[in-house]
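Please go over the structures that come below.
Paired with subunit B in one complex and with subunit C in the other, subunit A is shared by the two complexes that follow.
On to the complex of A and B.
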């Protein structure tokens, strides 16, 4: 090809990507840069700014609640990711067996995932209401397991576990869906061969199912970590006193009059964490 | 029917007073009244005003009170600031300090209506330290303890108007084994908690600021109030609670609770209470039936006395915001004055009889006002109404000390400093002094900004 053609093609290429570059620049790059800029200022609503250097960052990093929320987030992440993966795996293996009404059962399992968050949150709050809820009614009035009524969602010690349980219940179907799709493509002869080799059910799971599912499991785990690191609505609606990182950010930045400088500083730090995760995602998930 | 008559009267009166405005102007009005029926009412008022003023458009936008500050920040940053908002006094003071409020328009309205017609305490609440009006008081409520008079009488308990009486009654009437609770005080990290705490703190002479503006929150009086509050919280329904738990009272599972005059509506009318037990307030729904004798058996203790007598209430105001358009500003001023016209004012206040009380003198005695569509005032009587409303001449709060206002108090409120302190003590079992220390530190940080 002549050099003119190459040049022309390159020029055309540039013209073709220009709108996309422009839009990304305007809607993604510019806000990020402006946000970094704002994080060094004390910003008033009327737009006046005072340069405060790293004050916004030192305020944040000196706040004990920030570290507490990181701790809560870690427990929340481990609990939910392990829980959804294990439950999703168990459900998918069960649903991969032949039985009557299998399709109906497969569909029903997906319900929690598709139900709107707000409605199931209210359902859970009804169940655990300390005075009128069915949970306390059964535990205290019917089974007489204890005399004291508990507010499981309100009590900060149990709230985190209710929130984890809620997330597992709500989101395991997506893990189940991905696992089941893969399981259906595992050739039957692999299981037959393993059986001939004398493997029992556990051995077949360990030596056939798990290796076949390896990449799907890794993908699910990674995706769940990325989603749940930023999970806001489930936690905030169900138990706003469980301060995971996104909830802490919300209280810190957006409760009351917006502290725009402080909020910018928090989001810069969050951005760094997210960039790390995106890098991991691109390197691992997209390569599989 | 009555509403439309009132509005027609308003139309006639205003039609004579206000000559039509010349050019096109827009008033975007953000109201904190998000319920559909209230919005319809406000829109009716807005279209009446539009009909009277050629070329003026009034856009009514409902914004949740808790979202107001955030939405304002976004709107100001985007250059789409509304011309007028209606929101509570704490947010008004905080917005005033942000330099986006049009005090000149407020001054103009006060000059036109007459300063002496406003309840003094209400106007002071919205005055800046330098004497500017950050907003115009529009409606307000008084808080107190509503209690089961029949249960109190049965046990020989005195009315809950002192610390001792409240504690004794709460203790006596709590029977957790039978799912009965003595009292409701706020323990969630939201504004209800601050409202309950404020009244108790004021009755113990605790304050955020002294008259010179020094932060004196970390005091023995505050500490004592926190400890007392913690004691009361033991007789609460389990776990963190807020005002929604008042439905336990309507179900007969609670002996007393702190609440505003907004409850008058709910208590008076079986129908209204049934609505409250089923629709929006999902959480505490029991399916229990409404007790028609509840009004008769309920009494109200608005004043709590310990070291001093304290009543507590708060108000919402109208706030004009700075615009670049003189026509918009003029239209906004005219709209505000229209909203204070007795006919439209009463139409607005009747959206929540008892809950929304007038800030202008004379309205509470107006026969049109006393004939609310739900018949609430007939039940309570004109004298009682006048008494409730007169509280606004001498209203106490953390942000007003000896006639001086301290807007930082609004910022503390907006950041939920006190509710978080109370939550830490009552739910997380944090040491009261330690919680008070960190609340004070947080207040200092906010003031330093």
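On to the complex of A and C.
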């Protein structure tokens, strides 16, 4: 009796997930497989393909621009992941205190996350505009920190840090939101017990807050790594001269000398690295 | 160990007073139990000693130290919480030694204390487990262990047994009593359970609405409650109270005339200023007249109709009407009364208490201790 029920239930389950599996297969698995396939061909814009074996990969691994973009991506990833996590944590702890207008402040913090990328990008470009921007006005004319006006976004080296700052500002609210939700569920008596056990505010943060937040922090870091390794629009719109991996891939595939086979090879490597990273992370840090 | 002194302590939230002018001295090595109904301010008082609530007015002193302005982590206290508040990411071992480590004890002391505590509380087999893998009783023992491992000046207990089942509660109650005596701990223990209060306390503090109603040994409070609140709150079943009119030297209700002169420590002149008094008789002090040996001081309530008999094994509780009120008596197993029977109940007049009919219902006679 019960085994029949179990079987029926399993069959129903399969039927229920089938549409989702179909859609994922069509929209995710098929492009991935096709991408792997493409990476072994020299692809022309008219669609004609010539099999080139591993040539795309060897070309890529001999291309200094590729290594440069890996370096940029690593800096971008570390800066944004650390930045959003730390800022999100600080904001969530602050917003977990009692004060007047707390609910208003809690809501306002989310604004950067809601704002459309394209509009805030223009705002940021204007802030750092070398002639009219408020940044140069404050640094040069008001504070007299330096004599020369800098084009921070025009210079790829400094633009990388503007892009990192922008991403932190735009995306820390999601980290903040997840941390705050968890903070509100930490039992108050744990803090009281830690205080009784001789821990001051710092000790209570270290021994109660951080361990309680551990899995949320790990999840936020994981999500941020996945999102930002593939992040395109924020970087491209704000400073197209910052060549992170997705931007480099885009230039390979669609700009100048179009090399779609080469671009496919980049994304195959990126996919493998990402899958490997996530696997390690999930096993070692999240311990699922 | 240290004494704890609370002097004119007040606590209010905004305009709402929670604890009103509380004075209490807990002596070095003494076990004091704060007991009272929910909202009486007992937990708040404990939390003020711990430093988890600030003191609106008054002083608290541990040993020679005034601690009003000290944060909890500088007070050198240990506390057992109602919900245990174990650190979920730490093993039982780490939980127990956490406070000890912070206090700067050396490795040898920590090892020794851990061994002592885990043996005493039978936690040896669980030291590597996380709190989530323990039963409620085991968690409670870990919470106890964490407090006991500390070399604190005073140990605070905030209803530590209220989440346990009856059997385990009884067991842990005895354990706490044993450990407290063994270590000669200064302890303040909050409970709403009057049995815990009676069995654990060297002294019991009965509180109501932020006010201390009575402080005394358990037997003082049982035999000489200062007012009707304490009289009915402590003791189970609660003390029976009957309103009686004073007629000469007799207290009259229903068809009964109790000679006031035979009640212990009654000043007849004093009684003359009242028209009516409340007669308080504990259910435990009734006896089945068929079984009581005749005595000079025995008063007999005859023609009592038994409404209900509840057999508890050795004891049985019977319910009946007296003075127009529902009354209870606790008889032992020798009595064979049945429902609807008419019986006589005797009471030793030395055990009868009189209260005035003011709202406070203050005790009039001193009672026999």
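One rule holds for everything that comes next: the second predicted complex is superposed on the first by the 240 of 288 C-alpha atoms of A that agree within 3 Å, B and C clash if a C-alpha of one lies under 4 Å from a C-alpha of the other, contacts with A are read in each partner's own complex, and residues count from 1 in each chain.
Keep this in mind: contacts are C-beta pairs under 8 Å (C-beta built on N, C-alpha and C of every residue); 3 or more make two chains touch, one makes a residue touch a chain.
What you see is a predicted model; the values in this text were computed from it and never measured.
With both complexes brought onto subunit A, simultaneous placement of subunit B and subunit C is permitted, the two fitting side by side without a clash. In the superposition on chain A, A:11 contacts neither subunit B nor subunit C.
Of the two partner chains placed around the shared chain by superposition, subunit B is the only one that A:147 touches, whereas subunit C remains out of contact. Once chain A of one complex is fitted onto chain A of the other, the partner contacts of A:45 are limited to subunit B, with no touch recorded for subunit C. By the document's definition of touching, neither partner reaches A:284: not subunit B, not subunit C. Measured by the number of subunit A residues touched, the leading partner among subunit B and subunit C is B. When both complexes are overlaid on chain A, the residue A:102 reaches neither subunit B nor subunit C. When the two structures are aligned on the shared chain, A:68 is found in touch with neither subunit B nor subunit C.
One geometric descriptor of the composite model is the angle centred on subunit A: between the Cα centres of subunit B and subunit C it reads 150 degrees, in steps of 10. Residue contacts after overlaying the shared chain place A:240 against subunit B, while subunit C stays out of touching range. Shared-chain residue A:122: touches subunit B; no touch with subunit C. After superposing the two complexes on chain A, the closest approach between C-alpha atoms of subunit B and subunit C comes to 51 Å. Residue overlap on subunit A between the subunit B contacts of one complex and the subunit C contacts of the other is empty. Interface residues of subunit A facing subunit B in the complex, by the touch rule stated above, are 42, 44-48, 59, 122, 125-126, 129-132, 147-151, 153-156, 240-241, 251, 254-260.
Against subunit A, the residues of subunit B that register as touching in their complex are 69-70, 72-73, 76-77, 94-95, 98-100, 176-177, 179, 181, 188-189, 237-241, 245, 248, 251, 253, 282-286, 411, 413-416, 423, 427-428, 445, 449.
Residues 187, 189-190, 192-200, 203, 207-208, 211-212, 214 of subunit A touch subunit C in their complex. Residues of subunit C touching subunit A in their complex: 50-52, 71-74, 77-79, 81, 83, 85-89, 98-99, 102-103, 146, 150.
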